[in-house]
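These are the structures in question, set out in turn.
Across the two complexes that follow, chain A remains constant while its partner is chain B and subsequently chain C.
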Partner chain A sequence: MAVYSFWIFDRHCNCIYSREWVAITQDKPDHQQEQTQKNITNTGTINARNQDHVAKLLFGAIFSLKQISSKLNPQEETTANNLKSFSTLKYRCHFFETGTGLKFCLLTDPKTENMQFVLKEIYAKLYYEKIVKNVLSPVDFKENEYIDNEVFITGVDNYISSLAVFNN
Partner chain B sequence: MIMIYSLYILNRAGGLIYQKDFNKGLKKITTNDYLILSGILHGVHAIASNISPPSAIPSTIYNNPSFTNTNKSGLKSIETDFFKMFIFQSLTGIKFVLITSNNPISKEPENINTSNPDSFSSSDISINRNINETESILRKIYALYSDYVMKNPFYSLEMPIRCDLFDLKLTDLIKSFSQP
Partner chain C sequence: MSSKSYKSLSDDIWKNRVDKINSEVFTLTYGSIVAQLCRDFTYAEVNTQLEKMGYNIGLRLVEEFFAKTGLGRCTSFKDTSEVISKIGFKMFLNITPTVTNWSGDGKQFSLILDDNPLTDFVELPEDNNAANELWYSNVLCGVLRGCLEMVQLDCDVYFVSDVLRGDPITEMRLKLNKFLKDEVPAGEE
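On to the complex of A and B.
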C-alpha cells in the first residue's frame, strides 16, 4: 500500500475531508513459516473524528514549512514559492494549495515521485465539479463539518485507487 | 550541475549554531529570522515523526550501512518551487540542514527506475536520487564538523561555531562539489 491518506483543509484551516487507507496484514493460516500476506483492501476511514489531532499536526507542519519557503523566496516580489512536498523515511506528504487557500495533502510512500498532478486533478475534476458547483454544499464549511457528498467520496476513492502507486 | 545555497547547523535544542551561504539563490534574511527559521525546522522535524501513518514501513532506500544519518523518523527533505532542503541528524542530535537548488544534482542524467509512470518532468523525479547524493555531502560535512569543530579545544558544545579552519575546509568541500 503506497498511498496512506488524503486530506483537504479549507481556508479557515479546518480539515474538511480526510480519508485513510489501511493495509490489512494477515497471518497466513498455512503451516508455512511466519509468512505474512498483505491483503490490500479498500478499507479505512473517511472523516474519522479521532483523526482530529493528526489533522491538526499535519496542518501545523505544512503551515510552518510554507512559512519557511516563503521566507527564503528569492523572487518575493514576482512569484510565490510554493511548497511541493516534504518527506521523512516513512512517508512523503505531497501538497497543493489553490488560489482560494484550499489545501490538499496526500501521504504516500517516500519512494513515490511528485504527485501534485493528482491533487490538481482532484481539485479540478472532483472538488470543483462536485463541491463548488453543488448548490447544496456550503461555501464555507463550519468547524467539525465534513464533506459527506457520496459522489465526491467515491470519486476520490476510485481515482486514487486507480493510480499505479496505489497497489505497489 | 550542483548548486548548494546554504548550510545551517542546529544544536540539540534547535538553536542555530552555524549558518553560511555558499551561492546566491535565496533571499537574505535577518539573523533573527534565521533563528526563527531553525526553530521552526526543529519543531516540524518533531511533528513530522508524530504524523507517520500507522501502517507506514520505513523506506529501505537509505539502508546503506555507511550512512551515519540517525534521522530515522523525523523530517528528511522539503521540496519547494525554488529550492530543496535536506536534513541530516547525527547520533548526538546535531542537525545539518543543506539547502540546494531545485534542478537535478547529478551531472549526467542517469536512468532511474520510476515506480510511477505518471510522473513527468525531470526536476520532479529527482528528489529521491537527490536525497542519496546530498546524503554523501552531508556526511562529509559531518566529518569536517567532527574534525575541525569538535576537536577544537576552544569550542564549547552547543554554542555558535566560530572556527576558521572549519569555515575554510567547508568552503573547499562545497567548491569541489560545485565544479562542473
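On to the complex of A and C.
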C-alpha cells in the first residue's frame, strides 16, 4: 500500500483530522480514541494521533519548510513560492494549503507522483461539501475537537482507496 | 493574474460551477427577513443584526469561494479589491461592482453597486426614519467582513449611500484596519 496517512490542520495549528492506513512509527498512539467508528474501517486508525508527537512534528516540519520556501523567493512581493511536497528516503509528504489557512497533508511512498489534485479534490468535494456546508460542524474547531462526521470519513477513505497508487 | 483572466474565470464559474436559484425567490426571501427584523427591532438594531447574519455567512462562504476558484491568497489589497468585485460578487450574485475612490494610502476603496439584486421590488417604509437609518442591504457588509477576516484581513465595511434612500448611487466602503498574523504553533515566534 503506497498511501500511508492523511492529515488536516486548521488555521489554529491544531490537527483536526488524522487517518493512518499504515503505521508510520513504531510508537503506539499517545491516546487511543474510543473506537466507535470500528464499523467504518478495519485497517489503521482514525483521529488517534491528533494530539500525538508525530502530528506536532509533522506540522512543525511543514510550517518551517513553508517559511523557508517563501523566504527563498526573490519575487516575494508578487508571486508566491508555495510548498507542494517534500520527500525522504522512505516517504513523500504532499501538502496543500487553502487561502483560509487549512492545511492538507498526505504521506505516501516516495515514488508517488504529484498528488496536489487529490488534496484539492478532498478540499473542494469533501471538506467543503460535508464539513463547511454542514451546520452542525463548527467554523472553528476547538482544541481537542476532531472531525468525526462519518460521511466525511468514509468519503475520504473511499476516494483515497480508489486511487491507483493506493493499491500499488 | 490580470483582470481579464479574472473575468473569464468568474464567467466560467458562474456558468458551470455554482448552484443557482430563481432571483425573485431570493429577493423576496431576503425582503421578508428584513421586514420581520424591522417589526422586531429599531432600524439601528436591524442594521446590526443583518451585519451579524452576513458575518456568519461570510465565514463559511469564503470556503466555497476557494473551493470553486482554486485561487490562493491575494498579494496586495488592490488585488483583493479586483477579486472581490470580479469574482466574489460575480459568482454569488452575478454582478460586478465598480472599484473606485481609492484613498491615498491604498487602504480604503469603494464598491459601486450599479445593480443590486437584493433591492428589486423594494420600497423602504414611508416613515422618515427608514430612509435615514436603515441600510437595507447591510448583510453584504457582514459577508465581506467575515470573508476578509478568514483571509487575515481585518476590515470595516459599511454603506455610504443607497439608491433605496434616494441617493444617486449605491456605494459600499471597505477600510483595511490591519493584516492579521497567521497563527504559529506554540513555542515558535
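As a convention for this text, the second predicted complex is superposed on the first by the 145 of 168 C-alpha atoms of A that agree within 3 Å, B and C clash if a C-alpha of one lies under 4 Å from a C-alpha of the other, contacts with A are read in each partner's own complex, and residues count from 1 in each chain.
In this section, a residue touches a chain if its C-beta (ideal position, glycine included) is under 8 Å from a C-beta of that chain, and two chains touch if they have at least 3 such contacts.
Everything numeric in this text was worked out from a predicted model, so none of it was measured.
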Requested in this report: Please tell me, clash or fit, for chain B and chain C sharing chain A in the overlay.
Outcome: fit
Report task. Kindly classify A:65 by the partners it touches after superposition: chain B alone (first), chain C alone (second), both, or neither? Result -> first
Report task. Tell me which partner A:99 touches in the superposition: chain B (first), chain C (second), both or neither. Result -> second
Query raised in the report: After superposition on the shared chain, which partner residues are touched by A:50: those of chain B (first), chain C (second), both, or neither?
Result: neither
Report task. Give one of first, second, both or neither to describe whether A:162 is in contact with chain B, with chain C, with both, or with none. Result -> neither
Query raised in the report: When the two structures are overlaid on chain A, which partner does A:82 contact: first (chain B), second (chain C), both, or neither?
Result: both
Report task. After superposing the two complexes, find the smallest distance in angstrom between C-alpha atoms of chain B and C-alpha atoms of chain C. Result -> 12
Report summary line: Overlap of the chain B and chain C interfaces on chain A comprises residues 60, 79-80, 82
Query raised in the report: What residues of chain A sit close enough to touch chain C in their complex?
Result: 11-13, 56, 59-60, 63, 77-80, 82, 98-101, 120, 123-124, 127-128, 132-133, 139
**Report entry** Interface residues, chain A side, partner chain B - complex
**Finding:** 1, 4-5, 20, 22-23, 54, 57-58, 60-61, 64-65, 67-69, 71-76, 79-91, 107, 109-115, 117-118, 163-165, 168
Report summary line: So, in the complex, the side of chain B touching chain A is made of residues 24-27, 29, 33, 37, 40-41, 43-44, 47-53, 55-59, 61-62, 71-83, 85, 99, 114-120, 124-125, 127-128
Query - chain A-touching residues of chain C, taken from the complex the two chains share - result: 56, 59-60, 62-68, 70-73, 75, 150-152, 182-186, 188
